[in-house]
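Chain naming follows the written order as A, B, C, D, E, F, G and H, and within any one chain the residues start at number 1.
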Amino acid sequence: VTDFCLDWSREARTGLHEAVLCAPKTGDQIQAICAHAMQARQRLLLTRLSPRKFEGLSDATRSALDYEPVSRTAMLGGAHPPRGTGRVIIVAGGTSDARVAREAARTLEFAGETASLVIDVGVAGMWRLMERLDDIRTHRVVIAVAGMEGAIFSVLGGLVPGVVIAVPTSVGYGVASRGKVALHAALASCASGLVVVNIDNGFGAAHAALRILGREPSPPGG
Amino acid sequence: VTDFCLDWSREARTGLHEAVLCAPKTGDQIQAICAHAMQARQRLLLTRLSPRKFEGLSDATRSALDYEPVSRTAMLGGAHPPRGTGRVIIVAGGTSDARVAREAARTLEFAGETASLVIDVGVAGMWRLMERLDDIRTHRVVIAVAGMEGAIFSVLGGLVPGVVIAVPTSVGYGVASRGKVALHAALASCASGLVVVNIDNGFGAAHAALRILGREPSPPGG
Amino acid sequence: VTDFCLDWSREARTGLHEAVLCAPKTGDQIQAICAHAMQARQRLLLTRLSPRKFEGLSDATRSALDYEPVSRTAMLGGAHPPRGTGRVIIVAGGTSDARVAREAARTLEFAGETASLVIDVGVAGMWRLMERLDDIRTHRVVIAVAGMEGAIFSVLGGLVPGVVIAVPTSVGYGVASRGKVALHAALASCASGLVVVNIDNGFGAAHAALRILGREPSPPGG
Amino acid sequence: VTDFCLDWSREARTGLHEAVLCAPKTGDQIQAICAHAMQARQRLLLTRLSPRKFEGLSDATRSALDYEPVSRTAMLGGAHPPRGTGRVIIVAGGTSDARVAREAARTLEFAGETASLVIDVGVAGMWRLMERLDDIRTHRVVIAVAGMEGAIFSVLGGLVPGVVIAVPTSVGYGVASRGKVALHAALASCASGLVVVNIDNGFGAAHAALRILGREPSPPGG
Amino acid sequence: VTDFCLDWSREARTGLHEAVLCAPKTGDQIQAICAHAMQARQRLLLTRLSPRKFEGLSDATRSALDYEPVSRTAMLGGAHPPRGTGRVIIVAGGTSDARVAREAARTLEFAGETASLVIDVGVAGMWRLMERLDDIRTHRVVIAVAGMEGAIFSVLGGLVPGVVIAVPTSVGYGVASRGKVALHAALASCASGLVVVNIDNGFGAAHAALRILGREPSPPGG
Amino acid sequence: VTDFCLDWSREARTGLHEAVLCAPKTGDQIQAICAHAMQARQRLLLTRLSPRKFEGLSDATRSALDYEPVSRTAMLGGAHPPRGTGRVIIVAGGTSDARVAREAARTLEFAGETASLVIDVGVAGMWRLMERLDDIRTHRVVIAVAGMEGAIFSVLGGLVPGVVIAVPTSVGYGVASRGKVALHAALASCASGLVVVNIDNGFGAAHAALRILGREPSPPGG
Amino acid sequence: VTDFCLDWSREARTGLHEAVLCAPKTGDQIQAICAHAMQARQRLLLTRLSPRKFEGLSDATRSALDYEPVSRTAMLGGAHPPRGTGRVIIVAGGTSDARVAREAARTLEFAGETASLVIDVGVAGMWRLMERLDDIRTHRVVIAVAGMEGAIFSVLGGLVPGVVIAVPTSVGYGVASRGKVALHAALASCASGLVVVNIDNGFGAAHAALRILGREPSPPGG
Amino acid sequence: VTDFCLDWSREARTGLHEAVLCAPKTGDQIQAICAHAMQARQRLLLTRLSPRKFEGLSDATRSALDYEPVSRTAMLGGAHPPRGTGRVIIVAGGTSDARVAREAARTLEFAGETASLVIDVGVAGMWRLMERLDDIRTHRVVIAVAGMEGAIFSVLGGLVPGVVIAVPTSVGYGVASRGKVALHAALASCASGLVVVNIDNGFGAAHAALRILGREPSPPGG
């Protein structure tokens, strides 16, 4: 019995590549999955790979991975050649949300989509957001990333005609300590037509954006 | 054994008048309390008095009360002569919050404070709020009333220099069905210095405003 | 002070029409809003309008409304002329979810989008879903509506390349009694790229679909 | 006063052997319990024995134990001679659930029951499950192990005629961070006749399977 | 579009008959489902059918149904001829749990299994339970039904060698007001090998018992 | 099968009489229990018997019961002859808590213990409590009844040397809407040695007081 | 400003000695409090003093303390001379509850009360409890300590005439992970007259027992 | 892309200075923010800066900061010259709340407001509070800081005429383990006109006090 089973045909079926969530896995499991993918000559995105777990991988695996520590993501086999740009913008409420915002950006990059990234544009200083509004409105998909009370989700939802994907983050303390307040604020927003993903799920928001942008099969080299 | 005990000296001690929360009381208890106050020639504010319970009171009691059904408040002995105006503004996010906003306004009126009232100025239509902003900023205390995700609390907190008292309401459904989302959003707001009262507690917000405005003993006629 | 404030410019700004959530409003408030809209010759969608509240409106208002009791929606000024079809499919897990599924369908119809509707295609009888799968996969947006444990969200997410908008419903009992289980199942799904709206929010899912399909200003006749 | 009291007659009464949950116990307590069992020449299963706690036991105790680190179980006195096979299959949704699945397998093995084990057969890649379905259906008891949204419980429940025991796991993040979503999904499943045990309770699922398979007193050598 | 879809092949697949949960359905939907089943000459079990909803059905439908008001169940097409007896016993902690216990008994009866029923055998009067213990121990499956703190689940689990299916009920007040305490007590029980179903789910417990007893296809006359 | 089973030997075993919680029982069940007790010539206390359910009982049963509507209790066979007085005092925070306080008083009276009762002595008007303090301190058991934030529990606990039994009530709204805040405040109190019973459980507090006062078997006439 | 303020007159007022909860305090704060008490020649009980914090205290302080690591308690100035025995028994459900049971025993010992202690007498092996029952029934106060589902509280409450103080513990996992299940089971118990203290609060249970046993001022030497 | 964006104009707009919450930020982010502020010659308050993170900053940054470890605050550019005194008093319930009380004091000091500080004046020893009451009543704003059950909020609210800002803290265990009990007690207080901030939010309470005291633009030297 092996403890894993990769899904190389997923891209054909849903247009989305296989990815591995590393947080609940042991180092041995991650090592085995990477070895399997390298042998099968398949591309793979690893998310929630902590620096400590990354350091514990074999030299061969580490050198095969393109690792980025803020987002805690690693690409095996490199990013897809660019397929689109100017269609997705990622807006993060505060500095502490950068980690999740960059996970979304890296996931899009892995799929060949280049996203814009704007960080620390909170609601308490509304004009910072207003200065950027015209630019934000030109994008088809806005990924909004925020913790605490998540007021930025409603503000953006009321001002932007495109799709707004809210990514609540676990930034906050007291009543907001695990991200539930931002999550619920996004779901209960008075701005209609917002859609929401799980707390800290930058990866999922990026995949949702890819589903929205279209699902052409990736080119042969992909 | 009687089941109640009124506190006529409260005003001397805290500057705030005695009030009676009617929701958890029986009609008999409310009737007895009113009779006692009339006999003692004391003013009294009744809150959360449903139309049905009001109808069930004796004719004498009903005619002694100044009842207002939207706010579900009744004044016994009338409002205090005007003491202040232009110091408090009540801003409600939506039509459904009117009930709570008017409870705050009536409580202030009972104490002699005349408040401005602005209803249905939500965040999803931000410019409605912006048009009012200069006026709002001239008040020393802003009572913000909102349900659902309560984004208006953070927006006001970032734009207004005075005190912002957030009153979350139980307006909403799904995750927001009992007001917890708006409450938590107010507490977790990224705008610093907001203060918060219990869900639907327009009365409490008004009393907090009175504490902020000062606590001079009311004049003899009060 | 009036207790409401309609937003006729919302469509220009976000491509979405003004709508009124009736559940937390009194009959008087709904009546006043309808009168205002009729006077302003504006179209309006009313949601969560219970048969009892609908019966309580004036004759003139009732006859101006196109009311549908299962979805509890009413259109004032009629639906938008058809703009699109074959792009959105609504899939409901059980008979009890029909109410929410039809709210989504009516909201889309009001905006000129004709959606397909498939009801009672649950996971416990998987092949019912499988028989429909080829048809479902041809749509750009799938609105999945389910209560209880919401397993259908993950099953669809793994089989469909387009956008899947999960609408959890408050159908269920015991641990599932208010829709939280289906909501959390949608958010925690192992199928990546699902997006989620609030419990019972068929209206919001429809608006999200409209944002995804594009945001051209509506034609003059709209 | 000693702090423990073992129950050697439990097997006669319920057909199930004594076992010790190590997580909330100190190393000293575990050491004393093992010493007592060795002296009494009794077999004992230890669960949730972390590698660190195992390392801290005396050499004599460690060498008397058959320890397996993934499942964190140790057998004292060895497994029961084989009594049954082909009756129980353990199906785990993802790699991260292996830990719990293997705890169930070891508990069955300790009682003389050999179970099949299938890992990483999730719902997002449904056909992986479908390929295995004919095999799964031949077993009298299916122990289904899954975290996150636990959709696999409903899918199996709808396709399998035997007993399905759902073991939710604490694999997940955000709303699913401690296993509550998978637990509630199992309890609220639209597939009827599922039974559920506590989060991460592979041991309990195995004992339930043993109760289902029958309760003959163990043979003299046991 | 019809709003329902019955699953007549379910019995072949899982050995369990189609059933309809009436609580979240409208009278019209229930009426239509019954009509459909009668036309298709299929047996059907209806659960959670309140007396008021039952009274609202057409005369023809009412006379075709075998309705029992305590359990709120109705059989269409009658019970299956007896297939087994003496294998299942239903033990209810208190009088208030009778409703759920009888739902389980009726569901078993519909499938041809005759269960024993013992009501009001609580833990606070332990000897009432002890007097019955020898009888209880002769059954292969014990369905234990209890609300409040559900202590009876653990007591039975420690004394009985067969399968114990715990059905927590929503009987209780204060912390126990919706059945969560009994549910959690069953899941966290110190007696190993208990299995649990959703709160008030007598129907599900009966189906689980049927899965345990075996899954032979029902005879032709079924 | 009858649906109930009374425990006439309970008093011998625990010193406490049999009692029946009526809220979750049907009128038929209550009627049957009363008939059984009258036939067996046993005393019985009924709690949470709503006026409507009381009215629905047979004339014979109603005339045999001593019913008190505020506490919603009924005694069958009358109260025990007085056994003690001056040992228990019941202190209620507000008028709305009278219902629960009186349930405790009636339960004590049924057992022959006469309790003092003080209502509406809240913390917000502390001196009301202080005026009574010397009297309160002379009692061996203080039953404190309060809803909302339950601050009175801590205040009494710090000032009184005897036993303080906290009875949180479901009086309050917003965060306090079902009594959880008062319950948790009692449990988390900084005053050591408080003991707590379930929300609204005046009956349980009285029984705890009886356990504290001693457990002599009741005299023959009891 | 010093950060603490000890209450040497508490014993005169409530019959209970001053005690210090160390868990939320820094080592410096604990050190300062001990120094202050030693200088004032006052006895002091320290609870929740972890071995690590104890090791960090000064040599002088450590040698003045009587520290016991399982209960994590320390006495300064020694225990009170014995005042009572045979009146309190502490019954712990499992080995893992020993920590809390011993905190209660030490707190009683500090006050001069010698308690019996019985550990690992769970409900799953009921006869272990039954063998002890006659002895347990001779005590005036039973302190019952249990985690997981806390069934032992109800079993004892139904069998014992004296006061039963339930101390739920944070022993358990999954739904029981922080002690809420045992707490709620104690509060919702079907055995009437149980009283409850906070999770893991062995200290509080001991103080409650002292309140019950009487409140004579301690003798001069105390 | 830089990951932060400071708001130097905030003081002009709201009268409150820019501040940085360090807990969710990495050392690199804090370092960069400080460097940016020093270069811009702006004053900055850092909160929740743990000693370990402070030690990890560069020598230059550390020497530019006025760091205080109990409150975990650091001032860059020093405190504002004194502007007011005798207007705010901070009252902490227990020693363990000192950390939060001192955060409030430091935040006020940074803005030029000198607050009084009284620590360990709990409700269980009420007279400690009463001795201080006359002094407390002379202040315009009382910041009350307490964990566990937060009874002090209600006691102060009933005795003091000025504004009472409740700051619940995460001090407590069992049901009170993360501060929710104190928070809810403050919100549900029977003393009217209390206002509340998030758990442990000493900083926010100080900003609220500054909003209450007035919002004059700071003098040029500020």
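One rule holds in what follows: contacts are C-beta pairs under 8 Å (C-beta built on N, C-alpha and C of every residue); 3 or more make two chains touch, one makes a residue touch a chain.
What you see is a predicted model; the values in this text were computed from it and never measured.
Asks: Just to be sure I understand the contacts, which chains border both chain G and chain F?
Replies: Common neighbours, chain F/chain G: E, H.
Asks: On a CA-centroid basis, which chain has its centre farthest from chain D's?
Replies: B
Asks: Distance between chain B and chain F based on Cα centroids, please, to the nearest Å.
Replies: Computed from C-alpha means, the inter-chain centre distance equals 35 Å.
Asks: In whole angstrom, how far does the Cα centroid of chain D sit from the Cα centroid of chain E?
Replies: 27
Asks: Going by the contact rule already set, what residues in chain B reach two or more other chains?
Replies: Each of 124-125, 158-159, 172, 174-176, 180, 183, 187-188, 192, 198-199 in chain B touches at least two other chains.
Asks: Between which chains is there touch?
Replies: In this structure, the chains touch in these pairs: A-B, A-C, A-D, A-H, B-C, B-F, B-H, C-D, C-E, D-E, D-G, E-F, E-G, F-G, F-H, G-H.
Asks: Note which residues of chain E are touching chain F in the complex, please.
Replies: Contact set of chain E toward chain F: 95-96, 98, 117-121, 124-125, 128, 147, 171-177.
Asks: Under the definition above, what is the set of chain D residues touching chain C in their complex?
Replies: Going through chain D, the ones touching chain C are 93-94, 122-126, 148-151, 153-155, 157-159, 172, 174-176, 180-192.
Asks: Considering the complex alone, what residue numbers of chain G touch chain H?
Replies: 1-5, 7, 10, 21, 23-25, 29, 33, 48, 170, 178-180, 183, 198-201
Asks: Sort out for me which residues of chain H touch chain B in the complex.
Replies: Touch residues, chain H against chain B: 13-16, 19, 158-165, 183, 187-188, 192-199, 203-204, 207-208, 210-212, 215.
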